[in-house]
C-alpha cells in the first residue's frame, strides 16, 4: 500500500517537473532581443553572430532545441552559461549550498520562534498575553520577507550597525574552502571564526525569511495545542501533578505538531522561493541572486538550470513531508 | 458547560472593529493622495535640484523649509515622490488583483465543480506553477514582456492566479457535495446556472477576502520588480524604485528608504487586515 | 476513630468568567471508603465538582467561594504548586472517554509508570512492578504486550481497564470517576462498573462517582447528591433516595431511568414543565437574596 502511494507520488512529481521544464523553456525563448548579440562587442559581424548562434543551438526549431536540451539535462549536461562561459551545473552547484544553508537556518529560526510563541500562547490561553500574541503574529504574518529584509537593513545595518548587510562572509577571513557549505565545513574543521562570520552574515536575511513562517507556525500550532489541551489525557497529567508547562511539553506538543507539519512543509517551499529577493537585498551570494542576474543578462541556459533546480527542490520537499507525516504518526505507521 | 465561551466574542468584537476601521482609514487616505496627487504634493516629483540633494527630514538638523521628508540623491522631494508613488501602487494593486481574482476564481470554480479532465488539467497546472519560485517567475515574465505598467500587471496575474484557483477549487468541492446543490440539479437547473446561482454566492466571502489580500500582495510584487529595476520605467516615481535608490544610498540618506518602507508596511498590513475583516463580516457561517 | 471525611466541600461556588455561576453553594462530604454519586442531567454542573477538586477546571472557570478540604488540606488556600503536589498524592481520576484519555503517541507503559515515579518518587522498577500488579488485577492478560502497545492498538474496554489500573496504582484515598462508563457499550459498561466496585471495596478508596444514570447510582453508591442548575437538590443515602425521594426533581430523574429489569416500562423524560418550574423558583430565590 505504502509502496504504491510512493510510486504514484513519484510519477506525478515527474510529470510536474516535465511541465516546469516545458514552461520555462518556452518562456525564455519567446523573450524579445537576441542574447547572442548582447554578448559580442559592438562591430561584430553578422557571421560572428551566426556562428555563435549555431554554437548555442539557437538556430534550430523550438521543439528540436527542447529535445536537445532535455536530452542533455537527463545526462547531467545543463549547457553553458552565456555570460559567465562556464557549465551551468557547476555554477548552480557553487551557489546552491549558500541558499540551502540560508533556508535551513531560516527554517530553524521559524520553528524555534513560532514554537516558543505557540507554547507561551497556549500556556497563557484566555489571557491578555494570548490576545497580544495573536494580534502580533497576525501582523507579522501579513508582512512579507522583502519588507522585513529592508527593515533589518535599515535597523541593524545603518541606524544601529551591529551586523553586516551584504555578502556571505567577512572577506578578510582567510580560509580555503573545500566545499561551498561554509557553516557545515567551518564546524567540521573547527574554524569557529568562519562559522561565526557566516552566521552573522546570514542572521538578518534568515530572520527576514523566517518571520512570516514563524507567525504562521505560532498561530496554527497554538490552535492545535489548545485543542489537545482540552483532551482528557492532558487532564490526567495535571491530576498526576505535572505543571501546565510540563503538560504542554510532554503531552500536547507532539500531538499538536503532527497536523502542523504538513503546513510547515508547504510553507518551507515558499520560504525558499523568498530567498531569491532576500539574497538580492543582502547581496548574499546564493542561487537566487545569481538567478536575477541571469534574467537581467538574458542568460537562457543559466535561467533554465536554476529554475529547474528550484523546482526539483520544491517537489522533493513536498514528497519528504508527505512521507515523514506517515512515519511520525504511529497510527499510520503500522496501518 | 457548552456555552462557556458565550462571553468571549463581545470583547473580541470591539477589537475587531478597530482592526477594520484603522486599515480602511489608511487605504482611503492613500486613494485620496493618489487621486489628488497634483494638488497635494508640495513639489514636482521629478524635479531634480543638485543643490538640495540628500536633505534630511523635518525633525533633523540642516533641513530646507517645504521638504518635509527630505530629498534623495538627485534632490527630488521624497514626500512628493511618495504621493505620486501611491498612484502607481494603487493602479497596479486594484487592476492586478481584480484580474488575478477573476482569472483564478473562474479556474477554481470550473475545476471544483466540473471535476474530471477540467480538474486534472487545472490542478496539474497549479502544481507546475507552485514549483516556480514566484519572485523569480515574476522577474522572468517582466523580462520577457518588457518593462511597463501592463507587463507588471500581467506578471502578477500570471504568478498569483494559483492562490485563488487552489482555495476556490477546494471550497467549491465542499459546496458541490452539499444537498441543496443536488436538489437544484435534480430540479433540472442547468449546470452553469447552478454554479452561478448556488455555488458562487457561497464561495464569494472567500473570494472577496482573497481579493483584498491580493491587493496588498500586488503592491509588494510591484515594489520588488521596481527594486530589481524591472517595473514601470525608471522615470516614474514608485515606492519600489525609491526603495532601490534608498538601499543604494543607505549610508548617506537612510530616509529615502525609510518613508516608502513605512508606506509599504502600512499598506500591506491594511489590506490583509481588511481581508480578515471582510471575511468575518460577510461569511454567513461565522455570523 | 474520629470520622474525618476524605473530601469535604463547603459551600463551593464556581464562576465562569463574565460572572455566570456554574455551581452555587455546593456542599458535600465523602467519607473514607464511601462511594458518593453525583447525579444530574447534562449541564447541571456535576462534572464541575470533580474538576474543581482535582484542579482541572478550564482556564475561564474559577472557584470563587467556599472551601474544598481534601483529607484536611484546604485546597483553595494553597499555592498552585503545593495544590498540585497535594492533590496528586491523594486523589486520582478515571476519565469519561477512554478514546481521548490516553496519549496517542506514547506507549501504555510509560503512561502508567511515569506518573507513579512523579507522584511518589518511586524507582522505575518499583513503578513498573506496581503497574504490572494493577494490570493483572483488572484482568488484563499479557501485561507485557499491553505495556508495549500504543493506545490505538487496544479496544475501548481494554483502554478503560488500563485507565482504572492507572487510577488505583498510586493508592489514592479519593478517586473521581467522571462518567467512566458513558462512552462504552452496554455489555462492557457492566464489567467496568463491577471492576470499579471490586477494586474500591478491596482498597477502601473513597469515590466521587459522576453519572447521569440513576441505574448506575443504585448499583454503585452508598450516598447520592442530586444536582440541578449548579445546586444540590437532595443529599441522602442511596437507598432512601430510591425508596422515598424528597425532591420532585429526584423523583422525575428516577422515573426517567430506563431499567435493565423492566425494559417494557415506557421511557419518560423529566417533564419540561417541572424544569421550567424549578428554574422559576431559583430565579425568585436569587431575586430575593
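We just call them A, B and C in the order they show up, numbering each chain from 1.
Just so it is clear, contacts are C-beta pairs under 8 Å (C-beta built on N, C-alpha and C of every residue); 3 or more make two chains touch, one makes a residue touch a chain.
Because the structure is predicted, anything quoted here is derived from the model rather than measured.
**Student:** Going by C-alpha centroids, which chain is farthest from chain B? Tell me that one.
**Tutor:** C
**Student:** Of the chains shown, whose Cα centre falls closest to the middle of all protein Cα atoms?
**Tutor:** Minimum centroid-to-centroid distance belongs to A.
**Student:** Report the inter-centroid distance (CA atoms only) between chain A and chain B in whole Å.
**Tutor:** Each chain's C-alpha centroid was found; their separation is 23 Å.
**Student:** Taking each chain's centre as the mean of its CA atoms, how far is chain B from chain C in angstrom?
**Tutor:** Whole-Å distance between the two chain centres: 55.
**Student:** Determine the centre-to-centre distance between chain A and chain C, using the mean Cα coordinates as centres, and give it in whole Å.
**Tutor:** It comes to 52 Å between the two C-alpha centres.
**Student:** Using the touch definition from the top, which residues of chain C touch two or more other chains?
**Tutor:** 17, 58, 60
**Student:** Write out the stretch or stretches of chain C touching chain A in their complex.
**Tutor:** Counting only chain C, the residues touching chain A are 17, 54-56, 58-60, 81, 84-85, 87-89, 91-93, 95-97, 100-106, 111, 115, 118-119, 150, 152, 163, 166.
**Student:** Going by the contact rule set out above, which residues of chain B touch chain A in the complex?
**Tutor:** Residue list for chain B touching chain A: 15, 19, 124-125, 127-128, 130-136, 139-141, 143-144, 146, 216-217, 220, 223-224, 227-230, 243, 247, 250-251, 254, 257-258, 261, 264-265, 268-269, 271-273, 276.
**Student:** Which residues, counting only chain A, touch chain C once they are in their complex?
**Tutor:** 125-127, 230-233, 235-243, 251, 254-255, 258, 329-331
**Student:** Where on chain A is chain B touching in the complex?
**Tutor:** 12, 15-17, 19-20, 23-24, 27-28, 30-32, 131, 135, 138-139, 141-144, 146-147, 150-151, 153-154, 157-159, 165, 269, 272-277, 280-281, 288, 291-292, 295-296, 298, 303, 306-307, 310-311, 314-315
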